[in-house]
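Both complexes below contain chain A, partnered by chain B and then by chain C.
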Partner chain A sequence: MTELARSRSAAPAGGPAPSPTTQGRPQEDASLWMDTWRSLRKNPWFLVSAVLLLVLITVALFPQLFATHDPRECFLGRSRQEPSAEHWFGTDIQGCDYYTRVIYGAANSMAVGVIVTGSILVLGSLLGLMAAYFGGWVDAVLMRLTDLIFAIPYMLGALVFLAVQENRNVWDVAFILIVFTWPTMARLMRGSVLAVINNDYVTAARALGAGPLTIMRRHIIPNSLGPVVGYAAVYTGVIIGAEATLTFLGVGLQLPAISWGLQLNDAQSYLQQMPHLLTFPLIFVALTVFAFTTMGEALRDALDPKSKKR
Partner chain B sequence: MTTAPQPTTPAQGDGDFTSTGPLLEVKDLHVEFHTKQGVAQAINGLNFTLEAGETLAILGESGSGKSVTAQTIMGILDMPPGHIAGGEIRYRGQDLLAMKPEQRRRLRGVNISMIFQDALSSLNPVLPVGWQIAEMFRVHQKMRRRPARQRAIELMKRVGIPAAEQRVGDYAHQFSGGMRQRIMIAMAIALDPDVLIADEPTTALDVTVQAQVMRLLKELQTENNMGLILITHDLGVVADVADKIAVMYAGRVMEAADVYEIYARPGHPYTKGLLESLPRIDAAGERLNAIPGLPPSLTDMPSGCPFSPRCPYATDLCRNEMPELLPIVGEHTSACHYREEMHRGHLQTPEEAQA
Partner chain C sequence: MTGYIIRRLLQFVPVLIAATLIVYAMVFLMPGDPIRALSGDRPMSDAVQAQLRDQYNLDDPFLVQYGKYMWGVITQGDFGTTFQGRPVLDIIQQGLPVTLTLAAVAFGFQAIIGAIAGILAAVYKDSFIDRFVQVSLVIAVALPTLAIAFLLQLTFGLNLGWFPIAGIRDGFVSYILPGIVLAAVSTGIVARMLRSELIEALQSDYVRTATAKGMKRSRVVTRHGLRNSLIPVVTFLGADLATMMGGAIVVESVFNMPGLGGQVFRSIQAQENTIVVGIVTLFVLFYVVVNLLVDLLYAALDPRIRYD
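Right after this comes the complex of A and B.
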């Protein structure tokens, strides 16, 4: 072994100072993420939203567990029925079981939310990181680009671009939403990185010979991602709402796709006669948005070191 | 070079270093900061040399350019606003300032390493400390995770962390201040650097821990034959550890000498003032002899000797002409027009001379 290791590894220099933290304390994982988890577990809002999200995600992934009917099995003979024991949410104009339709609608709404948020989380974080780390003209160019996109409200942008497209599936809607929403994440990440980059441990890493990639991967990203992750969860709710809105306005998903937005769109003409057609998908949209937003808030609180009660 | 590091090889990074000249030599270094208030001259013609196995203490009050010196040698000065206006920093004869950034980066941590003042903020809060030490081997020597971790544990033991095997996975905030500084030291010496710069390594620690950490640094230095640059404002800390002392003021070395020499016979009024301002156990109850006034503003340097506005011995010569750093006897140098008289203890203030 080396000189260093050989030389008196048993006899520490200067006599070890007493370290009160080691003795008698159970080995508790104290990483930032474990700490976050511990503070999350105590937050009732987190628990509520987590359970709700778990159910909703299961619904989206495995609708057949919750609904036994085929959502496309429709009999005009039973059109527009009120909720009953047989059809919990009633039936729609085509005579389809409305409960089954709502359950199957979760997948598309969730898909748009998750695809968009996932993409802008990656894209926005990357661009925000580059802007903050390199500064100078990289920062200037990227930030003017975000300004440019910020100038167009994302709803308006999505409305215009989706309206000219004839066939729209989940990916098209998601793509347009990504284009118009990534600047929010990029800005957030940039601010977060700027707060971290001047920390002593970044300087220390530089002084000990770490290259830019190591510094970003090991020091900047893990320390700056917290607020961005929290916000991403909130944003998923916002995006799901946006998808429903766009579809409701007739520029989102199209039939024969099954989605909450489409159901709301159908229901608007029969609002007075059959309010249940509007109520049920609306409740689900509201619950999903609520679950994501609450989860995001809880995450943001837990990940924010300033609000941490250690 | 993958697994076993060779502590005896002088340069583990790339580039051949011919062992000509001193280990580290700073020649006529000038560093400026371009601020809204004007150009702040943080370092104005700094000179010193460091040999292997030698401890050089750079002493000075806040704003005298100690930390900027360290950052410039390490190459971690923020540029802009910082700007190296001139001079050379030679490591084994090669000018660091003329190197390509990538070549310089490979020297950092491997050949020249650094310890910071506040170990808590210098350690990444989201990574276990053992991980951060192991990272040195993984980044610079492409070592695998497991052996690197093993080496980290050995190093933690070496710097005196009790129960290193259990604590390798702990985080910085779970350690006490002294332990954190030991971990920082472990990271800095992991790759057997030739030069170690310690920027106020014990300022954030309490007195008993200070002594332990200083002793550890001294031991490691002797073991690895490192050149150690100790930056501090604490005269007490340097007395036992340093071989040479360079006293800095307003970005210049005012006096440089062997440690015993400087304490016994200071050759500059500023050094004398510093020594007199120390609290003494045999003078309890008396007021401390502080040096009157404040260090000059770096954006507005006085003409002549920068210490002249505060110096009791200042004459018109001092106010008009900057004295050079010249030898008094042997290695003892001073930047005072009256270095000889000062050194002999004959220097009188103008008032005394008239009386």
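Right after this comes the complex of A and C.
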């Protein structure tokens, strides 16, 4: 996210050379993204979450760089040890090095978060755009569909659907979460598009004979995507929390997968005797969700011109 | 206004039907034969099996089963019976007070603490109080419910021993920690919302006029500032109440409370289909009705909004 913001805003700043995203209207885009970058840079929450995210993403992608042991190398003889110099977070019930297990747990959480958010960002934005642009029955059908899914608490829907499946992996969990969360994104995009669709530049483009696809691509999407992108980052945090919760409840990922939710589930039975088994994965879940949510809110503040006035 | 209510009601009927239909479908299309599971190891005579199938309408086509069930719910409040023969309504009546108490505690917490934090932050904008409130809000909003639940359990339950960490044996005290957990994220949102609304209101002309006329600061804030800033907050609180049932599933499971949320979770795992459908239908009804009320409340609070 940081890199994206930097490369987009840095390119036009160097001079008038148009990058692919700014072709045609270099001046406006440059100022919009420069503006965003400038207000982001001043936001301490953005800096904190950016550093955290960078570290956590590296952990998820290259756990072997951080791990001290093999995550599947377990000896029952050293079951449930307290944290020590050899085992920084102690060992779990199976006698595996807990620090290594927690480090390796990052990948699954991140995977679910990124798959779900990426999908609902694309799907939700497209459907929201269509609902707002075409109006009429398209809008009515799509919005009633979102009403319908909103009426079922997503936690409940996910529980029921996932409990039916015998074997569940990252993709199953992600799929169910996508089904129950895309309406939020669609509604947000719809509202955002409705706010810009009556602007003069859209009318002008239409008067000049531009087709719906051109108008959407050139004028509507660049101007309405801001708040949606911010929410998408917030939502990544929400989804990672949801995955951990579902797995903790026993309907998410399953052994032998390594996941924070599974670690929390195991640890809950030893809450009184071995609270550190709970504390360490919990800290990682909390930090990850915190990083995404805070990053999203910083982005939203910077990208949404309306919130800037306050 | 009447026309608007009727239109909203008409809009909600299809949503209600479709949502319950989906739930009914996903629960009843679960694999496995409930009658076979009920009989266990002992063989059950064909006549008994046929009788049971007839009693639960298991031989009817799916849509007929659904129709009969919903008809019973709407006309007689009959949510069916479990496969052990206990009325589902019975189970609902047992769990409902727990869930409602939990929701009430959470609702009270987020309304009161959220409002106090928001007002303090807005009135003393940019002071230490404001900064403190803002930092706590960022943290409260950004932590997942599960993390807040365990954090409070570990600190206030285990280490300090102030509150019980499971069950409801200690009466009202048992509801405090779960209530705070359920309310945490929304408390942050309420406070943040109220802060920005109130800051805007306090800069408006009518507040300046009131101050210029020599009105006391406290009166200006409560009578003139708050009155207008509360509208979006009240609507948010209402909408949030509607979604609280989903959160109750997690909180009741973590704190081991015998409410509807914990019950529905246990029933899903035990494939007690009729209980799942009964409770979920109730949740969906609750959501739809509360949302309708919130929309009407919004219209009543803000005279600028006219629906007809």
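Everything below uses one rule, namely that the second predicted complex is superposed on the first by the 275 of 310 C-alpha atoms of A that agree within 3 Å, B and C clash if a C-alpha of one lies under 4 Å from a C-alpha of the other, contacts with A are read in each partner's own complex, and residues count from 1 in each chain.
Keep this in mind: a contact is a pair of C-beta atoms (placed from the backbone, for glycine too) under 8 Å apart; a residue touches a chain by one contact, two chains touch by 3 or more.
It should be emphasised that the depicted structure is a prediction, and the values quoted were computed from it without experimental measurement.
Asker: Now for A:N223: first (chain B), second (chain C), both, or neither, which partner does it touch?
Answerer: First partner only.
Asker: For A:T293, select first, second, both or neither according to whether it touches chain B, chain C, the two together, or no partner.
Answerer: A:T293 contacts chain C only, not chain B.
Asker: In the overlaid three-chain picture, which partner chain does A:Y154 touch, first (chain B) or second (chain C), both, or neither?
Answerer: A:Y154 contacts chain C only, not chain B.
Asker: Contacts for A:L255 in the overlay, against chain B (first) and chain C (second): which applies, first, second, both or neither?
Answerer: Neither partner.
Asker: Applying the document's definition of touch, where does A:R206 land relative to chain B and chain C: first, second, both, or neither?
Answerer: So A:R206 only meets chain B here.
Asker: Residues on chain A in contact with chain B in one complex and with chain C in the other?
Answerer: Touching chain B and chain C on chain A: no residues.
Asker: Which residues of chain C touch chain A once you look at their complex with the stated criterion?
Answerer: Residue positions touching the partner: 11, 14-16, 18-19, 22-23, 26-27, 30-31, 138-139, 141-147, 150-151, 153-154, 158, 165, 196, 199-200, 243, 245-247, 249-250, 253, 264-265, 268-269, 271, 276, 280, 283-284, 287-288.
Asker: For chain A, which residues count as touching chain B in their complex?
Answerer: 1-5, 7-10, 12-17, 19-22, 27, 30-33, 199-201, 203-211, 214, 218-219, 222-223
Asker: Within their complex, state which residues of chain A touch chain C.
Answerer: Going by the criterion above, the answer is residues 45, 144, 147-148, 150-157, 159-161, 163-164, 237-238, 240-242, 244-245, 248-251, 264, 271-272, 275, 278-279, 282, 285-286, 289-290, 293-294, 297, 310.
Asker: Residue numbers of chain B touching chain A in their complex, please.
Answerer: Those residues of chain B that touch chain A are 4-5, 7-8, 74, 76, 105-110, 113-114, 116, 118, 121-128, 135-136, 139-140, 151, 154-155, 157-163, 166-167, 169-171, 173-176, 178-179, 184, 187-189, 192, 208-209, 211-213, 215-216, 219-220, 223-224.
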